[in-house]
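To start, the structure under review is shown below, and the notes come after it.
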Amino acid sequence: MSMDGLPKELERLVAEARGAGDWGRPADYIPELAKVDPAQVGVALCLADGTELGAGEADRPFSIQSISKVFSLAAVLGRLGDDLWRRVGREPSGTAFDSIFLLEHENGRPRNPFINAGALVTTDALLGGREPRQALSEIMHLVRAAAEDDDIHIDKAVAESEKATASRNMALLYYLQSHDNLLNPPEMVMGTYAHQCAIEMTCRQLARAGRMLAMLPGVPAMISPLRARRINALMMTCGQYDGSGNFAFRVGLPGKSGVGGGILLVAPGVASIAVWSPGLDGYGNSQVGTWLAERIAGYTGWSVFAP
Amino acid sequence: MSMDGLPKELERLVAEARGAGDWGRPADYIPELAKVDPAQVGVALCLADGTELGAGEADRPFSIQSISKVFSLAAVLGRLGDDLWRRVGREPSGTAFDSIFLLEHENGRPRNPFINAGALVTTDALLGGREPRQALSEIMHLVRAAAEDDDIHIDKAVAESEKATASRNMALLYYLQSHDNLLNPPEMVMGTYAHQCAIEMTCRQLARAGRMLAMLPGVPAMISPLRARRINALMMTCGQYDGSGNFAFRVGLPGKSGVGGGILLVAPGVASIAVWSPGLDGYGNSQVGTWLAERIAGYTGWSVFAP
Amino acid sequence: MSMDGLPKELERLVAEARGAGDWGRPADYIPELAKVDPAQVGVALCLADGTELGAGEADRPFSIQSISKVFSLAAVLGRLGDDLWRRVGREPSGTAFDSIFLLEHENGRPRNPFINAGALVTTDALLGGREPRQALSEIMHLVRAAAEDDDIHIDKAVAESEKATASRNMALLYYLQSHDNLLNPPEMVMGTYAHQCAIEMTCRQLARAGRMLAMLPGVPAMISPLRARRINALMMTCGQYDGSGNFAFRVGLPGKSGVGGGILLVAPGVASIAVWSPGLDGYGNSQVGTWLAERIAGYTGWSVFAP
Amino acid sequence: MSMDGLPKELERLVAEARGAGDWGRPADYIPELAKVDPAQVGVALCLADGTELGAGEADRPFSIQSISKVFSLAAVLGRLGDDLWRRVGREPSGTAFDSIFLLEHENGRPRNPFINAGALVTTDALLGGREPRQALSEIMHLVRAAAEDDDIHIDKAVAESEKATASRNMALLYYLQSHDNLLNPPEMVMGTYAHQCAIEMTCRQLARAGRMLAMLPGVPAMISPLRARRINALMMTCGQYDGSGNFAFRVGLPGKSGVGGGILLVAPGVASIAVWSPGLDGYGNSQVGTWLAERIAGYTGWSVFAP
């Protein structure tokens, strides 16, 4: 299919989104994020031929939040390989993103690396015995190299805001510790995690960073094809919290959402896509962003489940 | 990639599988299935160019059991369209295939159509106000037409055996009824479901029936491409019970398993694959079959998450 | 303490109850019970000196429902002794009366004989290999002998109404069967249970039947003192479903409620008390009945936790 | 009943207990407690006539651990009255003592003040805005005054040992904080709680302190009769964690256990009893202590459920 009409379609979709009556509500548990104007929408794509497209607020930086879990996972798999899976599972959770229930049921081994408990274990593993700044530096290096853009930074105010309201995550960390599934002090892991979540990127930067997962031609080879495929599989089954099955059904592409309103989508071999709109649905995924992702997938026919 | 070496590789994999020390254990809760010799393995593929391959016990009929959920789902979506989703969700369950826990938590709306509770609702919806034989005839028609083979039958002894040991499913049915999510009498739905699960197919027949989901060229168009894609998405996120995430991670293809030991796999646009070996792993999925699926995906490079 | 003022106080409390703004709502899942006028209240007491007191609708028959679990438990302990406890636990459930969750968690052994699952096992044990009418006859004999009143009957219309809306209990029964914790066919146990629940008694009859648990002097010795004490203990910890702790805290006496609006209370050695008002609170216990029980306990100072 | 034979019976029971083959295992999650020799048993009673009895290691101090929850509850009810119940429930939990599951299910309101989460809220409420030493001083004052013995102290080594292994409790505290059900910093509450649990008492001291709950004549009136009754009710329904129902069934007296192996029992108006033996059963209650409690209740006939 020719993608000649895609730029125009993106503009059209952004315009339609801007007319949305219901934008959802920005995450309110992190004060810095609650301040964001919900009536914003952006999108950017990187195609296999090197074309980059953008529409709406494609160049406005936002807090990537849980999308950072993809990058910390990629980094830690690079360091530890499959050893990580002794500490974290690979199954959808069937519960909310910050639930502690299944953690109890499964003796402190989080179901997957994209629920908070699993992401905290991932960050703990990335820390190893190192200082937080070393682990963060490794993530930042990976993200910048993948995006081929050094102008990507951590928003310290957001990190501090998250640390100050981190009771639930601290509970998860102590719970993991009680099951001997935490190597570093809870506060240290929490601080590292809060900073990693506070990475700011634009849709354009995020789409570029996602090219390594889409395995687009001519892109810096940050991770092996097998690893990229497996991360995509995890994004497909676990990337949208308890809305993952529905997202796979409606959109048909691996994706990872963040409570900052961003979603990174991967069409392997074809495109890397970033959408952003700060208002969230009941599962904690961007409401307008999910709609936009579905419409782009519908227009282009991109679906890993299609021929 | 040329598939010239594939026939030989299939023979090699089957030979390697036959040397397996641990075949897993056949389902023991259905007496008729418990009798099956576990030391069997079969595989069949249909490729996009019309080639059909087979190795091992590719022509030995087995009880497809839960794989029938794919066909009843396809049939009922054809009758009801998206109305079904008012009664069943599309999310992985995070629990065992016959768990009643989440059913309680979610007020009688099963998480997805592939856990038992959801499949029972699907069969109930397919029944509508009709007689069991009419619903069964509709499923059989779909399966036979998709496989282009009329020699596919229901094993009555297996159906009776399943009905006689159906306490857990009867509990689910009455529970659904108590939540007004059952239209027909529990016994009627149970009887229909037991018969649908007792369909016998060979790997070759199953691979042929799966072509409609793989959307291979020149195959009878039983369902629309959008519907096929969506069923594939459900197979990816929910097809292997509480082992679905791991299956997606390791195999990278949508699949649906049955406690008879069969697995149907879909490589959209490329191939339809059926593997069979009666011994099960701890999740209720074929142990050697899962291994075989992973090896075939590894050899061919087929993965929906690859370029 | 002299109880001379008690008759007058009962009249006063009934009058105050009649002015209640909120009577709660009668059980609506059994159609026959839903018809009952909620604006009714009755109370009866049997004291250690043989005095019997009554106020309000003390002589109006009502459906004792789950209060019958006390009598079937007494009967089955008489038949089986402590063997019953291999099939049923003695712990409060921490969940609603008809929950299936903990049943799954504990492999089909109900937490106690007063949640529905446990009462169904109790009735199943009472049946042994006998006909329903034999088991029912045993319960009726016990109740009539304890109350020294043969004019106690089963309301067949209520029994049929309950059987017709028994999906949840049927689910529990099949679930118990799937765990090999049911000896008789689910339908047979359900029928027996529905009839046992449909016993009709007046407050006066119920208070008289309760004298065996209060171990009042000169009362027919239906059960041993040790057994009476233990049944009282179960009533204290499990008798009001998920409101048992609060009832113990507020009232301080063992009690067993039924969704017909009755509550049987036991002040060991001192009094047997029956209250009735059909409207229920959120736990399924009589709203005005609970209030009345608390006020009577407050006035008399009867509490097993007092000197 | 004459209690003349009781002293001899206590000696006999202690001798029989000393011959026990299986003492259970001391709590191993607090290193200081794990060191205790399990083959010890002590008992002390205070009777209504002022008699004090003891046998075995009645004068050996042990760590009262969770029994302190009774004293902190009494103290905080004295300060706050029924306001506490807005933050804590009064229902048995149906789960293990340190479970986090129901806390999630009930939005951060612990089921009762005797599971860890509820006891932490109780200590938090006792702190108010004060320093830990002020709250601890209040508890110590209450315990010493109730026992009429100033020689009761906190074992600092045990407190430090508990703080050092407090991951699970820290998880509960942060979880409570995330539900706005914690007023003070988690570390401060944890420190206070660890010290309160580390109070050391002998059986004799504990039995004396329990006289206020038994409301024995001539005992210092630390709390009102209504409050004593209500605390007894909570001990009855929730005092032995998930073994409370069974304890009520077997022993018939309100009791509160601690993982140090002590149990405080209350026979209202009749006696206050303390038993101690460090080995625990599967619920975390003293194994030999529970046996001893049951035998004493059996010998004396003391049961709140008896006439």
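For reference, chains read A, B, C and D in written order, and residue numbers begin at 1 within each chain.
By definition in this document, contacts are C-beta pairs under 8 Å (C-beta built on N, C-alpha and C of every residue); 3 or more make two chains touch, one makes a residue touch a chain.
Since the structure is predicted, the reported quantities are computational estimates derived from the model, not experimental observations.
In terms of the distance between Cα centroids, chain C is separated most widely from A. Although chain C and chain D share one sequence, what matters here is the overlap of their interface residues, and that overlap exceeds half of the numbers used. Our note on geometry: chain C versus chain D, Cα centroid distance of 32 Å, whole angstroms. One simple way to say how far apart two chains are is to compare their mean CA positions; for chain A and chain C this gives 55 Å.
If each chain is reduced to the centroid of its CA atoms, chain A and chain D end up 48 Å from each other.
Not a single residue position of chain B touches two or more of the other chains. Taken together, the chain B residues at the contact with chain C in this complex read 99-101, 104-105, 167-168, 170-175, 177-178, 186. The touching residues of chain A, when paired with chain B in their complex, are 89-95, 102, 111-112, 214-216, 225, 228-230, 232-234, 236-238, 242-246, 248-249, 252, 254, 266, 268-270, 303-307.
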